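Chain lettering (A, B, C and D) follows the sequence in which the chains are written, and residue indices restart at 1 in each chain.
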Amino acid sequence: MSKKLSEARTEVALANRIAANEGVLDTLGHVSMRHPDNPHRYFLSRSSAPDMVTAEGLIEYDLDSQPARDPGVAQYSERVIHGEIYKARPDVMSVCHHHSPSFLPLIATRTDYVPITHVGAVGGIKPPWWDQHDDFGDTNMLVARPEEGASLARALGSHWLVLMNRHGVTVAGVSVRDCVYRAIQTCRNAEQQVRAMSIGTVDILSQGEMQLAAEIPKRTTALIRSWDYWAFRVAKASASPKMARASSAKAAAKPRRRGGARRR
Amino acid sequence: MSKKLSEARTEVALANRIAANEGVLDTLGHVSMRHPDNPHRYFLSRSSAPDMVTAEGLIEYDLDSQPARDPGVAQYSERVIHGEIYKARPDVMSVCHHHSPSFLPLIATRTDYVPITHVGAVGGIKPPWWDQHDDFGDTNMLVARPEEGASLARALGSHWLVLMNRHGVTVAGVSVRDCVYRAIQTCRNAEQQVRAMSIGTVDILSQGEMQLAAEIPKRTTALIRSWDYWAFRVAKASASPKMARASSAKAAAKPRRRGGARRR
Amino acid sequence: MSKKLSEARTEVALANRIAANEGVLDTLGHVSMRHPDNPHRYFLSRSSAPDMVTAEGLIEYDLDSQPARDPGVAQYSERVIHGEIYKARPDVMSVCHHHSPSFLPLIATRTDYVPITHVGAVGGIKPPWWDQHDDFGDTNMLVARPEEGASLARALGSHWLVLMNRHGVTVAGVSVRDCVYRAIQTCRNAEQQVRAMSIGTVDILSQGEMQLAAEIPKRTTALIRSWDYWAFRVAKASASPKMARASSAKAAAKPRRRGGARRR
Amino acid sequence: MSKKLSEARTEVALANRIAANEGVLDTLGHVSMRHPDNPHRYFLSRSSAPDMVTAEGLIEYDLDSQPARDPGVAQYSERVIHGEIYKARPDVMSVCHHHSPSFLPLIATRTDYVPITHVGAVGGIKPPWWDQHDDFGDTNMLVARPEEGASLARALGSHWLVLMNRHGVTVAGVSVRDCVYRAIQTCRNAEQQVRAMSIGTVDILSQGEMQLAAEIPKRTTALIRSWDYWAFRVAKASASPKMARASSAKAAAKPRRRGGARRR
């Protein structure tokens, strides 16, 4: 495995643990990454709680969400969300699917997401909705069949966020870090949007402000600073004696080393 | 004690600690398990905060909630909740009684529980209510007499969740893991249902979606993945230097072994 | 010092740390205890965040809230709350004054506290209110003069809870444990009462249920079980390396010197 | 570097970590300090998450927010907030800019901050608002140009708090501790004000009470007690095994041994 690939795999594992540690993911949900050297492949963890994802546990999939080789372990049933978005959107390098509590009140009331500050601008103003029932009638709500994933990808269109009725949210990004940043910051905006709505009418960014503010992560140090801190927090949480037993002393040492210490 | 029984007892102790660690139980409430080899018996902890329950502290009861032998320690006063449900419902293998903060706003406003996502489907749509006052007039609200437990069991009927006016919730399951999964996921759904209701009208699963989605824990890896993770989190919390048990290496090893590590 | 007195002092120190650890107290607020051997005296910590209170740091006061001897350290300015209540209420053995976030929405909207479950019955139905402005006009809101404390004690009357407009709450108990139990459980009830009110009309215990349920802590193991668990949680939090340094003067000095603990 | 200056730099680093640890700052936002010996200079960290700020990472700026020497590291883009306020307000010795979740519901609904208890009096009654759009039209919402900072400083006027539409809050203080105390306590007041508003009409301090209560931190031990405690909490969080400094096995072992064992 090339050093670049190895680092990318480590990064997507860390991305899952960051998203879990920051409240985007709990036992369900996942972050994937397009293969850095092969746009027709992507990496997603074996079935695992996001906070327990490791680079070693990643499975390589083609864009039809078939594993490159028999993984011999349980797989996520909703992996077509990732495959179908990578198929439809060549510019997307990372996808996160989640059911964060922050968003559920908006989802459950079909309330549009709106950016209440510049930080929330990365979600856009009123991103699109998708309802599995429209195309597929009564289902168990899991996006498990390729056509379900493709339908969701169509709803996403050229946006970076799609809200899924009675289900959750799917987020895309131009890199793993961009995707995780977008997922975390939109959750935080959604959380405060809900609290704000409980006391009054919400003031949102103008279209112009939204477009300019959405560029902040590309132009300033905000993304690097945030990623470094979230990685540091994962390292803090993981490096406690707790984790020790989770695998072996050696394995436990690893997230630490990769976690907070390294700084690009 | 057979190995099977010993493992079952360990599992129900862990179930109490998981339910505590995930916010379902605090100092009150409890999870029980029907005896795996004798359907006329069940296990429930001695009087203890759920997070401190151990396999050694379990008491074996008959279905009239009388201990198999004098336990010589304080017992939960509400154990008839468990006994009477096991008596009425041969398919139930585990019961959890709780007063989770997540549910109290629904309880206090007599608002029906509704599943706002597929994950919440395990609670059903509008599960039944019970009011101790209807059959017993003014009481101290504890379900302490067999007839009170039997009344509650009748209200539960063939459902898996019953809401108790001015009191809390009782949950049943086909296994300890099923019961705990149901308890945790319904709490999370209730929590978000409350937040959603504070800003709008709630969109819920169709009857068909609810029925299909309620099967997810049986058909997918979601239950295993969740249980493993919750056990891992208990192990993390318990294994920190903080805990009494962690003061001796030998003792510390115990929760670890039973905790998150084991995977079936 | 008798063993009984020494244990009592340890208990009141622990009470402060439990109330802090369970979210009743933060940097302000305090729990006191009447002297177990002398009803004309009480113990209250030197000025200290509740989570840092120690048995050694307790000051002995007469009921006019004058220290038995010059303590040589900063004292709480609101200690008259304790002294005046002990003076007016011979049955009260412990007092807790707090500004818990759980209660502030009720306080700020002058909404009566009501027990929404049997657990919250220890606060009574609609306990009394007090407004410092009524007797004293514009003040800095601190209850610092004996007449202010006496006015508050009159408002408390024969109740166990008094709500203080634009300020907080004062709780009394027949023992330290009773007082802390009442403080914690009323906070939790208040927290859920507020959430419930945001979505509907609140269903409360009948007068008869309230009276019977308020006796639960005296008649069942609920109080012991809760206290043991809360103490266990304090031990967990304290036993981490964090506290270590705080209890050893030498070690403690270090983070303080570097950190914040330097005192002018 | 003089001892005084060295201590001041340590204090401002700690201030950032306290504000992060108490929920005022997350990955964004910052606390600065005017140079204690030179009123024409101020200190602000290099670009860094607040919880990772160190005394070594501080950059010295002139009041035009130009670094005294090339820092060779990334800088905060919003440092003009600090510089322009120091320029306009000779009495201000410390500034904190934040986007705390506590305030966002007020910001997003343009709801005035009001003190609901004496503790919240340090924010004043209805502090001023600023809208970047008024003077500058559509921007990316960052206060990055000197004229933007100057406009904000004009809105602050002689107050200690200014609310920024679709953005956040800026707080000033007569010392680092005063500024952090004001930032934390106004966040807590705002948090409860929002919850209160979701259930009723809010009762606030009278003008006289507000003025008297705002003096409390100067006249009592409340500020010292709070700062000591918050520093203690930072030390606790930092000193856990997780952190670098705890990496010495010997040090880590100590607290553990003494740790959780003690039980009443």
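General observations
Note that contacts are C-beta pairs under 8 Å (C-beta built on N, C-alpha and C of every residue); 3 or more make two chains touch, one makes a residue touch a chain.
Quick caveat: nothing in here was measured; it's all calculated off a predicted structure.
Here the chain-to-chain distance from chain A to chain C, counted in touching steps, is 2.
Shared numbers divided by all numbers used gives the overlap of an interface; between chain A and chain B this overlap falls below half, so the copies present different residues. Work out the mean CA point of chain A and of chain B, and you get 31 Å between them. The distance from the centre of chain B to the centre of chain D, each centre being the mean of the chain's C-alpha atoms, comes to 43 Å. Work out the mean CA point of chain C and of chain D, and you get 29 Å between them. In chain B, the residues touching two or more other chains are 198, 240-244, 246.
Chain B meets chain C in the complex at residues 27-28, 47-49, 51-52, 74, 76-77, 99, 101, 104-105, 107-111, 133, 137-142, 165-168, 194, 197-198, 240-244. Of all residues in chain A, only 116-119, 121, 188, 191-193, 195-196, 198-206, 208-209, 212-213, 215-216, 219-222, 224-226, 228-230, 232, 235-237, 239-241 touch chain D in the complex they form.
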